[in-house]
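Next come two complexes built around chain A: one with chain B, the other with chain C.
This part shows the complex of A and B:
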């Protein structure tokens, strides 16, 4: 029986899918917590007065409105996973609302695109000089978006050239195995391949890492990570 | 603590008193933390600006009172602010310039009361920020696209607050002399004393003492207030019986355009010269009047700023001393972190009648242009390289040119 090149490729792809599916069928989770310091908790601080008082600004609503809908304080991910090669997930969205970035912290997978939308009545000019991705999107008004694709893993600090107190952090992870750190410091990462893994946690105050043994099924508990 | 550094510096009595006042103002707020929930911690931050020049003898047009100059080697600004209670916030700012005769000095100290209903309406009282024109919001080094300030905000004319020219020749003889102006020497016939200084048109480098109400009601921005000094002669303690009134109305019909008109009117002469005035007149009659327009346009990676300022000093013996000033400034971001910027400045002065016949400009017309590149590797660090040229139209004309590099750190 002759098997063509197309058939070989199809067979290989099917085998890969079966192997991957089998491994994910035996995937565990990582659950843990991290101690949040004052620097971490301050990222949603709304006590700072509007520095643009007397000028038309987007901060006519209180910054507390933005903080109320944003409860992410960090990102945890499996650091030793290989870069994903499949199709990238749909574009993530980071809004510019009430003169804040919403969300303040965003986690995406390498290769994913972020759509920066302006919902304010003023111009914004988003830029980043972080080594994983340097960009400057120029000024654009309410209702418009600009997109950036992040290929390299790492942390990207994002600012607005017009409003110097605006800041966001985008954590670009190598794979989809990541979870968000909530207000209590807890995080959970699902669908992790069994075995020994390095878990990294990014917080505004710095990065922490821990090695865990993930079981074929069930949850690997990480003791609270201290600063 | 950094505040101790201020105390141990060469700062004057005013700075020490203000520092104590700040401490007293903030202590109740700190003491009540956790009780009412509104008072908060003191936020302390600052800028450190370091400058190197190709020729330090060429930066004269940038010199301000007390010998301060943005092209001096080191300049530090310290900011401290804290919420006192809900809707009340206290702000202070100190400046140290290594060429200043004052050492560290109090730059600003004011309380801001905000509308309890949450509207963008506020009252500021104390030594308050400058609310005329549009440059004040970007005058500090990290926000200034270049190193120098527009001429109208810094250049000292040959009008003084403590001396009065009696003949046109008195003031014409001082054209281009700036803060070295004097009508009492060299055979001149001016009157007054030597205890004040020559005046710029707008003096952002020294905040005035007073109160202002400001805010926004989209698409309008507004500010209106009363201060002790005038636009060109701000002061903590009023030196005459009159007050300065000021106002600005801004219009932001779309995000790409911001336009505004502003004006101020107040007596600028020191009450000490009352005895030298024509019989029956007082210094409160002689005004500095300012009318200004500002415009900001932005598109893509560029932004354009422009201001026009018309000013009149009423002079008791020689009549009106008028001047016009304008500048155009542009900035374009060429790569992430890199930008180019340029500003062209011009000031022209009206004629004054001479006792010996004829007329002459009461100060020397001047232009200045500054071009530069900036590198901003992070929001806390800005490096600039600029070249500045200026020409003061005295006889002979004085031309100055130099290059400078600045590193500004936000901490």
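This part shows the complex of A and C:
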């Protein structure tokens, strides 16, 4: 899918599309959208050829195919929720496929583990200098995977030291109250405790935040967040 | 009288031949030497100049290359995720914990790999994040400079940074990640003595780096040469212009250096970096000078050889000529036997043969003439001797008849008899003269030498001629130095010689004239002078009067008594006088002016006569035949 628009996706018309699926007795949802800039959209821009694909893999799949399955452009979460105390969710998976990190942007809950799989025919490396979690898993070949558990919330930049174009961002949120930003810039966070909350949205171009009043039942609509 | 040997010519043929054969060779050698020296030196100069220009070009290319290399290394580093990942961290996270320490560690790792003494990193606003220079060496912060501004505009640039006496070649690279500028990286290397040494190895020139005209590093060791060079460079800088390179010959400590001065191209911070390439022309021309010296040596050897060859050729050519010249010279003094020793078969050999034949012919001719002369002298001697006897008889009978011993004679008859007596006297004198002359000719004068007072001889002569002098109304004076003893004189012959000269004076001096007889000691001997106021002798006749049987023009018989004026007789008198004087080892000469008078001087040497006398007394007691 090609995300052809460079402008804003208005969130105003989306209020009619409310879907209520309350999992808690008194819980609301936050629904909103962000204006995606060109820097944000560029992460899945397939018009720019990947310098590595094609040289190494003879696979017929293209970079466009890889982009088609990865439609995350950002992460939105409730920033003032307390840290999750229960057992961590099952390990999340991040692939290195077609010389890309898939997904390009991954959201996990603090304490959750991520398994890094190498699915390419070449060696890859994964490392990060980010303060929430610095690590270097070294280089390993296809079929191997190594795991990292992220305890502190924050954003972690992940690189492969072999392929300078590869980049992933892992957003470690304090709780499960988060949602993904889609190609149109829309996001939805469910199961939010009613009250006043700070909502943060991480995008490649930077973080944005907004304060919302979440009703006990129903949806809090967030006006479109501009950069 | 034999002619003397001629002196040898001052400029010999051999010298001329030697000169003409060796001079062209010498000239060619000198010209060749000069030409080679000049051309090789000029070529050397051109070569050194070209070498220096190439060295400068090479250095500048090296600088360009180094700039490009630093850019390449910078680009590679800037694209390395392990490097740029630090710079992509959100600003909010840089304040947390150990961001700067981690970045410094990462930078240090990359700096080591890049092998760059300077490794500076700024953020995307040009704010310095980490300094990778050697502590205490590189402290200049170029974050506000043009180079950094260029890099912030995403251009990769190279340039030079000067800090005090240190110069650095730097490249600044923008760090772009995913299309975003996240910072700049500055890489630098020292432009120092190590580089100068490396450059010297490849260019064979001494290398000097200068910052604003001051020497910062150099391959020339610290010395007086270098301190002088500093002054030269300062002076040179004042007239310098930025673009291009300049060549100049720098005389330093008596050595000539060809110096090329240039300045680097590219942006510069903190000063101007210049370079100087130096090469000693004198050291470069050592080989040329050695070749020149070899040529000189070879030339000198060739010149000596040429001269020797010339002399050899000249000697070979002129040896026969010299022999011929010597032989001819010997012929002049009567030696016809000088060996020629010319055996060559060329023209010289032919000439020698012809000379030999000519010499033989002349010799036989001379001998034949000599034989004839001897026969003539013998005949005269015999004839004159034989004539005396009948003349004596005629004289005796004429005398007796004149005295009346043979009967009465008339006065007329007596006069006739007196004339006969005079005629026989003349005949007797003539016969005696002829005898003497032939004896002189054959060197057979029977002289008896003994010590004798020449003054007395002269006085005797004065007595003898006195009657003739008075007959002619002439005045006679005599001046004799006392004690003129000559150790070796035949008194009779010397008397005859002086008498002949004196009678000559009487005869050719008009009546009433005067005659002076002097004898005195002179340098090396005794001189007898006979001075008259006679008619004189013409210049051209002065030598001839001593020849035999000479007849001068305008002689007329003129008598005013027994001694006829201006009469010559047979003309043997002076000739005999000379023969006698020469038999004494002396000489006779005349000084005369027509109409004024004549002076005859007889010189008798006394030196060398003592030894001759000693020999004479030891070997011979009687008459002696003198060989002249």
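To be clear about the criterion, the second predicted complex is superposed on the first by the 189 of 227 C-alpha atoms of A that agree within 3 Å, B and C clash if a C-alpha of one lies under 4 Å from a C-alpha of the other, contacts with A are read in each partner's own complex, and residues count from 1 in each chain.
By our rule, a residue touches a chain if its C-beta (ideal position, glycine included) is under 8 Å from a C-beta of that chain, and two chains touch if they have at least 3 such contacts.
Treat the numbers as computed from the prediction; the structure is a model and nothing was measured.
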| message | Just to be sure I read the superposition right, which of the two partners does A:141 touch: chain B = first, chain C = second, or both, or neither? | response | first
| Of the two partner chains, chain B (first) and chain C (second), which one does A:129 touch, if any: first, second, both, or neither? | both
| When the two structures are overlaid on chain A, which partner does A:121 contact: first (chain B), second (chain C), both, or neither? | first
| request: Give one of first, second, both or neither to describe whether A:155 is in contact with chain B, with chain C, with both, or with none. | output: second
| So, does A:39 touch the first partner chain B, the second partner chain C, both, or neither? | second
| message | Let me test your reading of the model: by the given contact rule, A:211 touches which partner, first (chain B), second (chain C), both or neither? | response | neither
| Quick one: chain B or chain C, who's touching more of chain A? | B
| said: So in the superposed three-chain picture, is A:164 touching just chain B, just chain C, both, or none of them (first/second/both/neither)? | reply: both
| said: Quick check on the output: what are the common chain A residues between the chain B footprint and the chain C footprint? | reply: 127-129, 157, 159, 161, 164, 167
| remark: Residue positions on chain B within touch of chain A in the complex are 40, 43, 81, 83, 89, 112, 114, 118, 120, 122, 131, 137, 142-143, 214-216, 218-219, 221-223, 250, 252, 254-256, 258, 298-301, 303, 333, 335-337, 376-379
| query | Which bits of chain A are touching chain C when the two form their complex? | reply | 39, 42, 127-131, 154-155, 157, 159-161, 163-167, 206-207
| said: Going by the contact rule set out above, which residues of chain C touch chain A in the complex? | reply: 79-82, 84-86, 88-90, 93, 96-97, 99, 102, 106, 177-180
| Contact residues on chain A for chain B in the complex? | 47-50, 52-57, 59-60, 62, 121-123, 125, 127-129, 134-136, 138-139, 141-142, 157, 159, 161, 164, 167
